[in-house]
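A quick write-up on the structure given underneath.
Per-chain residue numbering starts at 1, and chain names A, B and C are given in the order in which the chains are listed.
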Amino acid sequence: MNALNKMLGGRQGVVGLLILATLILVVFPLTLDAFRLNMVGKYLTYAFVAVGLVLCWGYGGILSLGQGVFFGLGGYCMAMFLKLEASDPESTKIQSTPGIPDFMDWNQITELPWLWVPFHSFTFTVMAVIVLPVLLALIIGVALFRRRVGDVYFSIVTQAIALILTVLIIGQQGLTGGINGITDLKTLLGWDIRSDSARLLLYFINAGLLFGCILFGKFILNSKLGRLLMAMRDKEERVRFSGYDVAAFKVFVYCVAACFSAIGGAMFALQVGFMSPSFVGIVPSIEMVIFAAVGGRMSLLGAVYGSLLVNYGKTYFSESFPELWLYLMGGLFIAVVMYFPNGLAGLWESHGRKWLSGVTRKPATVIASPAPGITPTPALADKKAASPLEIQP
Amino acid sequence: MDSRLTGPTRFFPRRLALGTAALSLIAASVFSQMTLADDANTTGLAVTPTEVTVGQLHSATGTMAISETGSIQAERLAIDQINASGGILGRQIKIVQEDGASDWPTFAEKARKLLVNDKVATVFGCWTSASRKAVLPVFEKENGLLYYPTFYEGLEQSKNVIYTGQEATQQILASLDWIAKTKGAKTFYLIGSDYIWPRTSMKIARKHIENVLHGTVVGEDYYPLGNTQFGSLINKVKLKKPDVVFAAVVGGSNVAFYKQLKAAGVDSTKQTLLTLSVTEDELLGIGGENMKGFYASMKYFQSLDNPNNKAFVEAFKAKYGKDSVMGDVTQAAYLGPWLWKAAVEKAGSFDVDKVVAASPGIELKTAPEGYVKIHENHHLWSKTRIGEVQADGQFKVVYESELIEPNPFPKGYQ
Amino acid sequence: MEWLSEFGAIAAMQGFNGLSVFCVLLLMALGLAIIFGQMGVINMAHGEFLTIGAYTTYMLSTLVQTWCPWMQPYYFFFAIALSFVVAGAIGWVVEWVMISRLYHRPLDTLLATWGLSLVMQQAFRSIFGAREVSANPPEWLMGAVNLTDAIEIPRNGLFVMGLTVLMTGGIFLMLYRTRWGLHVRATVQNRIMSRAVGINTRKVDRMTFALGCGVAGVAGAAFTTIGSTGPTAGSLYIVDTFLVVVFGGAASLFGTIASAFAIAQTQSLSEFFMSGSMAKVLTLSIVILILLMRPQGLFASKVRK
């Protein structure tokens, strides 16, 4: 019990987790209509990526600007399965080759490409959603970290990979649906995913998986690995000279982040009903970094709030003040990076926690061991974060 | 019981009270009869006795905003004109505008919002194929109605969509025939941006060139969207010396492509070029002098000389400024509300199924492009024109086809 | 025989095309390389500084057309100079307000400048409209020079080439022949020691950043002759530019030149034999593969972090 408690980040961590869980599992489903809830579900799929980024960027110091690649891979795997199911010979009988996805037919493909064949199997698809992105992350990670490539290099290389994948997907439209993506996904194993009830269920599955990822992240951060990651980020050389294989840890945490992103992508395809290259490229990849930065790069829970808030803001402002939106988004990004490097979680840490401990009548524990929910790093604990804003979840 | 309601009866003689009651009953029943007869308020759509709500779904922000602004303006103009002339079935049109933000899931989301939450009677919207593909399942599931204005690749036909732009064969075949005949063209070089519309268009063009015109395609190239380096391509064109360069390059690439062509000395005196993707809107960015003498194939040009078009251009400029230009898509977007009005009035109802059933055969003799008619397959019968680019950024119409039947699933071209 | 000479002509033009792509890449990458090499900062808003240059040229072109058309043949030189000044000045302000507060956090600079690029893009959109605009380059820049009957060289390509040589040469001179250059090089090698011997490294940084942005502005002005000018025009070039800098290895101007050359020739050559999309994928993949094997770039500095 004690171990579990510690894993969740002590009393504070449990409270934080419970608040978020209440918000996502109770408050949203009760207060939002089916349409808005589905949108929240979509935002939460981005939260997977943001949570992964907290691990590899906030703690590991690896800023990947190509997380969209993994999000996309996961999403495309799932979308391929769903598309095959939607393209049974009966519903595609007007095509010149019935039984293959419609866009292949438009591209004069008369036979299902070998790449698609295994995606008839749901088991294979689920495995591919996880394995393919992790494999790619492994290759990239090993190649780059083994050679001790610098931070900025890594960011640029991952960004270029995002670009390559986008160009490739768009160019191979017979295989991928091109820029339109894979659309018109209808059923999952015969279950209509477009109905409101299905969307509700998917929302909860999505939320459940997200909490699974958060807990897994907490588990990693509270293990010895978590402390090593932070040590590496702050003084990589020292860790290396202490005899640790720094590269292996980096590769590991990068793969975990990739895996989270891919799950998010797969859930995205299921909830939104299509997948397109516009979620793979450079811009979405950087936007996902914003979510993590706004929520707080050191906070797994903060990443979820960040994703929800920024996306809600995006929807709201782009509806009401489309002109202002980019100013706001850009300004937010600059402000967060410059003045609140720990994001919402940092603000909560410096203000909200006092309030919370007043409520729970428990003195806030001074953080000696990492309480990953909302720990500022020594390097980034920014005194400037003193703002009258009080963030309450 | 509220005394304010029951109150007056106390002061009225009983008979009068009864009479009033009877009268009001009759009035009520007549009134309800009237609304029932006159309307399909029972459809569950946002229709009141004085107002009907429609949706408008375009990108007002993001990369596509450049292209879609014209459509937004044209649709608004048409709706304003309809409202000024008394509306539809006695109702004024109210617009709910949503921004797709150049992002396909947002389009799907907003389409759902318009249909489910706002219960709009119809939607005018979308520009790119990708956005249309994204919203199509939503329209089919919620049984909405979409008027889609862009010329596009075809290979689609939905009960829930009326396509007011040309599909690929309408735009391509007649113009290829014309250029083969007047220029004696035998060899063609096909160039496009790399996505579905150029690729499908080029596929159709290739089949037509090889099977019908008995010419040859000497090269076919696709460049990523946004590419700005066309040097190698221009050299390849110089090497192959095709009779005609057939181009469907879009967006920012367009400007780079034509500027570099001109810089490389490839102008209309040395090379015939026919494009599918340059309207007056694009010419603003490219600059007429950079493309002078090249040809574009469209169903509409701003310079068309007919009374309908004169009125349209005048109204558009009066509303949006004298410097505004109207391209093919802008005109097609303008047709949407008018076609919908005609169909609703023919059906006598706003009900989507009835409007869809009434649509085939609807004619519009007031269209700026002249005359259009909705085909059974929900596309429009329309003419194709070839315009020659002038230095001032306008086109001179050099050819006009007969009315062409839309054929989104062309046999022998797939 | 005729076929052979024609082939030779095309090969020559294709070679020239490769060179011209090389110059475009180099011109873009120069500014970024100076900033990156000097400060370790990746300026994600680099593309927007390029766009500033392009819009400056556009405005001047419009002004000239309206007020003094006789200037038309010469205005372009003023436009280039003005672009340099405007972009450099804005860069100077940005360094002062933003970058200087983010030292020791290179990754954060990357993110903050990306935010800046969003704001700038929207600002362009608000000011100039979302539509692409076209600066009118002077007549003498358009068209081609006929070297022989078959070999035609685009003039704007020649112009960009000349400009690139001039800029590169200028920067080399500034870095290796001026006192400022000495300071810059000293700061790159050892910031703390430089400060100790009395170099005002903050001032050096600010000047370097402004210079880098100014060079981007010049590139933007030059690109109005070959490409489009719109709010997002700069972002089209940005990834290529990053790759050039990273591929060349930081802190090495020579590396940047070599890498721009290699990437441009690969791109240009592969474009000739395959579709443009696939050429792009091929080029980028080769670069990434080499980077995976040699992550510090072609010409890495010997200093290990």
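Everything that follows uses one rule, which is that a residue touches a chain if its C-beta (ideal position, glycine included) is under 8 Å from a C-beta of that chain, and two chains touch if they have at least 3 such contacts.
Listed by chain with UniProt protein names: A = Amino acid/amide ABC transporter membrane protein 2, HAAT family; C = Amino acid/amide ABC transporter membrane protein 1, HAAT family.
Everything numeric in this text was worked out from a predicted model, so none of it was measured.
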item: Mutual neighbours - chains that touch chain A and chain B alike; value: C
item: Chain whose mean Cα position lies farthest from chain A; value: B
item: Between chain B and chain A, distance of the C-alpha-averaged centres to the nearest whole Å; value: 37
item: Computed distance of Cα centres, chain C from chain B, in Å; value: 39
item: Distance between chain centroids, defined by C-alpha means - chain A, chain C (Å); value: 34
item: Residues of chain C whose C-beta touches two or more other chains; value: 275, 277, 280
item: Sites on chain A at which at least two other chains make contact; value: 167, 170-171, 323, 325-326
item: Junction residues of chain B, two or more chains touched; value: 194, 222, 224
item: List of chain B residues in touch with chain A within their complex; value: 60-61, 98-99, 101, 103-106, 108-109, 112-113, 116-117, 129-130, 133-134, 136-137, 141, 153, 155, 194-196, 199-200, 203, 222, 224-225, 414
item: Residue ranges of chain B touching chain C (in the complex, touch as defined); value: 63, 65-66, 69, 194, 220-224, 226-229, 231-236, 238-239, 252-256, 259-260, 262-265, 281, 284-287, 290
item: Touching residues (chain side chain A, partner chain C) in the complex; value: 57, 63, 140, 143-144, 147-153, 155-157, 159-161, 163-164, 167-168, 170-171, 282, 286, 289-290, 293, 323, 325-327, 329-334, 337-338, 341
item: Chain B partner contacts - residues on chain A that touch it in the complex; value: 33, 35, 38-39, 42, 96, 103, 106-108, 167, 170-171, 173, 178-181, 183-184, 186, 194, 272-274, 276, 278, 318-319, 322-323, 325-326
item: Residues of chain C touching chain A in the complex; value: 36, 40, 42, 98, 101-102, 105-108, 110-112, 114-123, 125-126, 239, 242-243, 246, 275, 277-278, 280-281, 284-285, 287-288, 291-297, 304-305
